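Next come two complexes, and both contain chain A; in the first it sits with chain B, in the second with chain C.
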Partner chain A sequence: MSDSGMGAFWANLKALPRTFLGSFVRHGAPTSHRARSQSVFSNVFLHIHATRVHPHSLRLTTTWGLGVSLVAQFLILTVTGILLMVYYNPGLDQAYASMKDIHYVVPAGRLIRNIHRWAAHMMVFCVILHMTRVFYTSAYKAPREFNWVLGMGLFVLTLALSFSGYLLPWDQLAYWAIVIGANIAASPNEVIHAIGLPEAFNIGDIVRRILLGANHVGQDALLRFYLLHVIVLPIAMVFIIAAHIWRIRKDGGLARPGGTPSPAGKGAGSMTPAAQPPSAAPSKTYGLMCLVKGRSPCTGQDPDETVPAWPALLRAELFVFMLNMLICLVLGVFFDAPLREIANPGVPENPAKAPWYFLGLQEMVSYSALIGGVVVPTLAVIGLALIPYLDREAEPAGLWFSGARGKVVTFWSMVVGAILAVLSVAIPVNYGWLRNWFPDIPQLVIIAINPGSLVTLAYMAWSLIVIARTKSTRLGAVALFSCFLVGFVILTYVGTYLRGPNWDFYWRQSDWPIH
Partner chain B sequence: MPSASPDSLDRRVKWGLLLASLATVALLIYSVLAECVWPQWRMLRAQYAQILKAKATDDRGRALAEQFEATIQQNVLPALHTVDRCITCHPAVDDPRMAGEKQPFRTHPGDFLRLHQPDTYGCTACHAGQGRATEQAAAHGDVEFWPSPMIPARYAYAGCGSCHTHVLVPSQAVLRRGRDAIARYGCLACHTLDGGGVKLPGVAGAAGPDLSQVGATGYDAGWYEKHVARAANADGGNGPSLRPIGEPARADLSRFLASRVGAPSLVEAKALFHSLGCRGCHKVNGVGGKEGPDLSRVGEKDPGRMDFTHVPGEPTLANWLAEHFRRPAAVVPGSQMPVLGLTEEQIDGLTLYMLSLRHSSIPETYQPKDRIRAERFGEREFATDGETLYSTFCAACHGASGQGMRYPGLPVSPAIASPDFLAVAADAFIAHTVQHGRPGRRMPAWGEKEGGLRPQEIQAIVAYLRSMSGLAAPEPDRQPARWVKGDTTAGNSLFATYCASCHGATGQGAEGPALNNTVLLASASDTYLTETIRRGRRGTVMAGFEKPSTVHPALTPSEIESIVSYIRTWETP
Partner chain C sequence: MSGRLDPDPISRRDFLGLAGLWTAGAAILGSLVAMARLPVPRVLPEASTRFRAGSPLAFPAGTTTLLPERQVRIVSTDRGIAAMSLVCTHLGCIVGEAPNGFACPCHGSKFDAQGRVIGGPAPRPLRWLHVSQAADGALVVDTAREVSPDVFFQPMNVG
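For the complex of A and B:
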C-alpha cells in the first residue's frame, strides 16, 4: 500500500499544475464556442458579461467605450488611491508635507498622484459623456428606467468623490474650494435671514457643522473628507456599479434597435423598427443561458446573429482599459497635478475657484449660493432621474437622437440653450442685475430671481413648447437635456476662463489685476 | 455608418490593444529612467563621489568615499516641522576639505555650522527655500506656489532674523564711533573681530579673545579695570599694553561690543535703519509710527503675490524692495513714501534689513537668548541712548540734526533743534508733545500705547535735543500756564492781519502749522505762545514780532497777548 500510496502522491504531484488549473477554470481551452461561453459563464468575474453579444454592441459608435472606460478609471483610481493612502497622512500639520514627500521622494509617488488626479478628471468627464450617450440613444427607456436612476447615483457619487479628494492636499486651492463648498452647504441660511427667522432656524449652519465637524474648515473637516473619500463613497460606488452592470444584463444587454442587421449581411439594411418589443429582451438572456447548458429552447432569435463574448468583447474591453491606462500615463508623466501653497486661512485665494465641473454652478452661486449651489443642481439631478418615467414613448432604443426629427430638435435646442446661457452671463456683466437696478428690493427676490433660476425656467419652458409642438415627450426630453448640456458647457467655460478676481469678467487672464 | 464585420473589428481591436500596451510599457520604462537615472541629484552625487575618491588620502577617507551612496540625504527635524534634503546635493557643508570646491560641493563658510549644527537646525531655518524638494529650482524656491524662496546669498545674514532679534542696535553714528575707538586704542593688536585683527600673539605677546560674538555670549563688564591692572603689572612690554580710555569712548566701545553678535552686515543694516528715522512712520514689532505699513514681517512676503509690473529684473522680493527704495511711488502707485535719496549702498543695507524681518514659530528650546530678551523681558531692538532714539524715530521728518525736512507733496516738518524753539519750549512741553503727538498732523503720538516709546526713552530724546542745540533748558516758568488776559476782539483783527496768511483764517494751518490744534493748545503754556510770537523761529518764515520787519510793524506785548487770547478761543471748539 505504501508503494502505491507513494506512487499516487508522485502522480498527483506531477499532475498538480493541470489539476489546479482545472479546478480553477473548470473547462477546456476556450477554442469552441461552447467552451468560450462556458469560460465566461462559469467565472465569477466574467459572468457579469453575457456569454454572447450582438456585434452592434461591439461597435465603437454604439457606446464609444464610455462605460468600460469608467470602470477602467475607477479601477485605476482605486489602485493608485490605495498606494497614495500608504503615504498620505490626514493630519492638519502633516497632510501638505506628505503631499510634498509623495511628490519628491516616494518611489513613483509623483507619477501615481498625477495618474490619480488625471484619472479623476477623466472619470468626471467620461461620466458626463456616458450619460449623454445613454440619453441620446434613448437607452434609458423601459425596461432600463431604474438603471438610469442608478447611473444618476453614480454621477453624483463621482462628483462627490472627486470633490472630497480635493481637500486632502490641504493646499490653498483645496482649502478655499472647501470653504466655498461649506458656505454653499450653509446657504439655506440666506432664506432664513431674508424672511427674518431667528438664528436657531439656521438649517445651513447645522448642515455645515455635519459636513465640517466644526464651524470652520480644519482638522475635523479634513478627517471627515478623508473618510468620505477613501471609505464611504468608494464602497457606495462599488455596490452601485455592481448593481448598474448587473442590471445591464438583466435588462437585456445593451440597448440596440430591433432588427439590427446581422454581421453576415443577413437582413442587411433592414434598420426597421423593433421586430420584437423590448420586453422580449430578458427572455433572450434566459435562452442563452439555456443554450450554454446544452439545451436549446430557442426563443425565436437566431443565435448566429451573436458572437461569443470571449474573446471579442473581452478583448475590446481590455483595449479600452489599456487606452485609458495609456492616456492617464501620458498625462501623468508629462503634466504634474497642481499643488499650491499650504492652506492659509489668512490669505484668501482670489478668485477661489471650485474644480472645473462645478464652475458652471459657481457661476450661478455668484448670485445666490442657495439657488446656484443647492436648488438648481438638486432640481437638475431629480429632473434627469425622472426623465425615463416622464417619457415612456416606446420607440427603437439604441438609435442616436431617435432619428431625423430628434436631430433637428437637438440642434435647435442647443442653439436656444447656448443663446440663453450666453445671455445669462452677458446681461449681468454688461448691465448689472436686480440689485443694481432696484437697490431697495428685498433679498428674497434676488435669491429667487437670478440668471441661474431664470435660465433653468426658460429651459423648462422651451422643453414644454417642444412637447406641445411635436406631441412627443421623447423630443421634449431631448430638448431639455440638450439645453442643459450646452448650458453646462458654456457656463463651465465662462467660469474657467472668463472669470477673474472677485468673480469679475475678463476676456483674458492677463487682464487680471495683480492685487 | 459603415458596419464593419466582426472579424475586421476584432482585428482592429487586437492591433489597438497591442499598440496601447506597447506604448504603456514604453512610457513606464521612460518614467523609471526619469526617476532612477536622470534626476539631477543623482548625477551630482555621482560627481561628488568622484571628488571624494580623489581627495581621499588615508584609509578613513577612502572608506568614506567607498560608503558614499547615491541616495537622498535629509535632516528630519520634527521640532521645527521641517525635513531638509539640501545635503543631498550639498553633501560637503560640514567637510572642511571641500572649502575650495565649487557649489554645490563647497564647505559652508564661516563657523555658523558650529553654532547651528545642521542636524539640529537644518538648512531652511536660516536660508529658507523648500527643504523637501529634490530638484534645484523647487528646492531653492524659484517655482510657483512656494511662498518662501531662498534668501539670496548676498543677503544671507537676513536669515538670522527668522529666529534672532538683535537687541540694542545703535545708530550708525554711534556704531562708527565705537569702531573708531577700537582702531584708535589698538584693540585689534591682540583681538580678532569680524574676521579682522590678529590671531597671533599680539604686540604684547598674548592673543586676546575673539570679539566677533561678545554681544551674544557676553563679556566681563570689568574688562577695562582688569586691562589696566594687567598693564600695570606687566614688566617691560611683555604684558598687555593699554592707553587710558576715557569715559565717553568706553561707552561707545561697550555699545559697539554689545552689537557684535556674529552678524556684522545685518547689524550694520539695522543700524542704518536706526539712522534714517524709518520707524517714524513704520512699526517694527510694536514700536514705530503708523503712517506707513507695519514692517515686522516684511521679509516673509510672498513674491508670488506681489506686483512686479514696475520692477525691472528678476521678480524677487529683494529686487522689489530695492526698487521700492529707489522709486517708492512708481513701484506702489499711490504710496506716500517720499523718495529718500539713498545711495545704492544704503539701499542694499536696507534691503538686507527688510529681508531679515521675518519671524519663525519655533519651539521654546530653540529660542535664542536675544529673542527671549526682546520678547519676554522687553529689551529694545534699538539702543536706548538719546542719539540712537532720535535718529531711529525722529530723523526722517525732523532731519538728522533737527533742521526740519520738507518732502515734495508733504507739509513741512518743524525744525525742532532750532534754538528759538528750544529756548522757549520747556522739557515737559516737548515730552508732552512727543508722547501725545499732534492729532490731525503727521506727528504721531509716541506714548507706550501708540508709538510704543517708554517715558524714560522720551526723556532721553528730549535730553538729546537739548544737547544738539547746546542750550540749557529755559528757566522754569514762574507764571501759571494760563496767565494772558488779552482782548480777543483786538486779537482777532491782529491775527487776521499778521498771522492768517500763513496759519489760515481760522488757524487751520497752511504754509505754517495749524494753531487751532487742541492738543497743541492744551500743552502749550501762555509763556510759550507769547515768547514764540515775540522771538519767531530763525531759519523758518516765522519772523519775530518783537522787531519791525518790511512786512509788519513791531507788536507790543499787550498786542501779542491779545493774539494769544484770540488763539485760545479755539481751545474749546
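For the complex of A and C:
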C-alpha cells in the first residue's frame, strides 16, 4: 500500500511542472487558432477582447491606436507611480525633500519620475484625441451611448489624477495650484456675497473644508490629495476602464460602417480548413460562446470576414504598448520633469501658470472663478456626456465626419469657433470689460456676463442654427464639438504663450517686464 | 384563516425577501452616511488669526510697510493706522505692487491703492483688517476680522 502511495507521489512530483502548467494554461500551447481563441475566451485578462475582430477595427485610421495607448500609459503610470511611492513622503516638510532625493539620490529615480510625468502628459493629450476620434467617427451612437458616458468619466478622472499628481511635490506650482483649486471649489461664495446673504450661507467654505481638511492649505490638504492620487482615483479608474473595454466587446466590437469590405484576405484565408494544422481540424467544434445585443459582427455575412484576435489584435496592441514605452523612455531620458522652488505661501510665481491642459481653464477663470472654473466646465462635461442621447440619428458609424456634409460643417464650425474664441480674448485685452466701461455695475452682472459665458452661449446658438439649417442633430453635435475643440485649443495657446506677468497679454515672452 | 379581516396580499417568502433587501439597503445607506461624516473635520488646529505687528512707533505717519510673511500691508496716516490684506479676493493668490496699486499674478485682477477692484475677475475689494493694541503697546492685526476701508486705529502713545 505504502509502496504504491509513494510511487504515485513520485510520479506526481515528476509530473508537477507539466500538471501545474496545464492547470494554469488550460488550452495547451497556443499554436492553433482554436487554442488561441479558447485562450482569449477563457482567460480573465484576455477575454476582455472578443475572440475575433473585424479587420476594419485593426486599421490604423480607425482608432490611431489611441485607446490602447491610454491603457499603455495608465499601466506605465501605475508601475512608475508605485516605484515613486517607495521614496515619496507626503509630509509637509518632507515632500519637497523627498522629491529632491528621488531626483538626485535614488537609483534611476530621476528617470522613473520623468517617465511618470511624461506618461501623464501623454495620457491627457491622448484622452483628448481619443474623445475627438470617437466623436468624429460617430462611435458614440446606439448601442454605445453609455460607453461614451463612461469615457467622459475617464476623461474627468484623467484630469483629476493629473491635478492631484502635480500637487504632491509641494513646490510653488503645487502649492498655488491647490490654493487656487480649493478656492475655485469655494467660488459659489461669490454669488452668496453678491446677493448679500450672510456668511453662514457660504456653501463653498464647506466644500473647501472637505477638500483641504482645514480652512487653509496645509498638511491635511497634502495628505488628502495624496490619498486621492494613489488610491481613490486609480481604483475608480481601473473599474471604469474595465467596464469601458468590456462594453466595446459587448457592443459588437468597434463601430464601423455597415458592409465594410474585408481587405484582409490573408487573415480570412487562414481560417479555411486547408490552412488549419491537421491536428486541430478533426476536433474542431462550434459552441455558442455568448449572446451579444445589436447587430453582431456575423449577421448577414460570412463569419470568416473577421480575423482571430490572437495574433492580429494582440500584435497590434503590443506594438502600440512598446511604442508608448519608447516615447516615454526617450522623453524621460532627455527632458527632466519640472520641479520649482519649494512652496512659499507668501509669494506666488509671476505669472503662476498651471500645466498646459489647464491653461485654457485658467484663461476662463481669469474672467470669473465661478463661471469659468465651475459652471462652463461642468456644462461642457454634462453636455458632452449627453450628446449620444440628444443625437440619436441612425447612420453608418465609424465613418469620419459622417461624410462630405459633416466635413463642411466641421470646417465652418471650426472657423466660427476660432473667430469667437479669438474675439473673446482680443476684446477684453484691447477694450477692457464691463467693469472698465461701467465702474458701478452690480457684481452679479460681472460674474454672469463674461467672455467665457458669452462664447459658450454663442457656440450653443451656432449649434442650434446648424440643426435648424441642416435638419440633422448629428451635424448640430458636430458643430458644437468642433467649436468647443477649437476654442479649447485657442485658449490653451493664449494661456501658454500670450500671457505674462500678472496674466497680462504679451505677444512675445521677450516683451515681459524685467523685475 | 376565515376570520382574517385583511388578508395578506404578499406571501411570507416574498415579505421576508423584501424585508431582507430593504434592511441591507438601509444598512448600506446608513454606513455610507456615517462614512461620509468622517472626512468633514470637526477640529481645525490652526494658528491664531491675530498677530503682533510691532510697536506703533515702527510705523510713522505717512508710511506704508509691507509684512510679506503675514501677507499684510500696514498703512499709517495722521488719522491712524490701518492694515490691508494682500490676499487676492478672486482665488487667494498674493497680490504684488503695480504702478497704480496692486496686481494679482495668477489671473490678472487689478486693484487701486485703496484695494478697490479696477479690473480683472476679483469679485470684491482687498480686505481691510481689524487693528488693535496689546497691553504692552504693540499693534495687533486680526486677519479674520474685516473692517471698513475708512477705519483707522489711533494707537495710544507709548514710550
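One rule holds in what follows: the second predicted complex is superposed on the first by the 463 of 515 C-alpha atoms of A that agree within 3 Å, B and C clash if a C-alpha of one lies under 4 Å from a C-alpha of the other, contacts with A are read in each partner's own complex, and residues count from 1 in each chain.
We take it that a residue touches a chain if its C-beta (ideal position, glycine included) is under 8 Å from a C-beta of that chain, and two chains touch if they have at least 3 such contacts.
For clarity, every value in this text was computed on a predicted model and none was experimentally measured.
Shared-chain residue A:Tyr104: touches chain B; no touch with chain C.
Of the two partner chains placed by the overlay, neither chain B nor chain C lies in contact with A:Thr470.
Once the two complexes are laid over each other on the shared chain, residue contacts for A:Gly213 go to chain C alone; chain B is not touched. Look at A:Asp93: by the touch rule set out above, it reaches chain B but stays clear of chain C. Within the superposed three-chain model, A:Ile180 lies in touch with chain C and out of touch with chain B [touch as defined at top]. Looking at the shared chain after the overlay, A:Leu323 reaches chain B, while chain C stays out of its contact range.
Touch criterion met: A:Val347 reaches chain B and chain C at once.
Shared interface residues of chain A (contacting chain B in one complex, chain C in the other): 347.
Every residue of chain B that touches chain A in the complex is listed here, in rising order: 1, 3-6, 9-10, 13-14, 16-17, 20-21, 23-24, 27-28, 30-31, 34-35, 72, 81, 83, 85, 130, 132-135, 138, 145-147, 302, 304-307, 309. Of all residues in chain C, only 39-41, 44, 46, 68-69, 71, 90-94, 96, 98, 103-108, 110, 117-121, 123-124 touch chain A in the complex they form.
Chain A makes touch with chain C in their complex at residues 176, 179-180, 182-184, 187, 190, 193-194, 206, 209-210, 213-216, 220, 224, 345-352, 362, 365-369, 372, 432-433, 435-436, 443, 446-447, 450, 501-504. Residues 55, 58-59, 61, 93, 97, 100-101, 104-105, 107-108, 110-111, 171-172, 261, 263, 268, 307, 311-312, 315-316, 318-319, 322-323, 325-326, 329-330, 333, 339-341, 347, 514-515 of chain A touch chain B in their complex.
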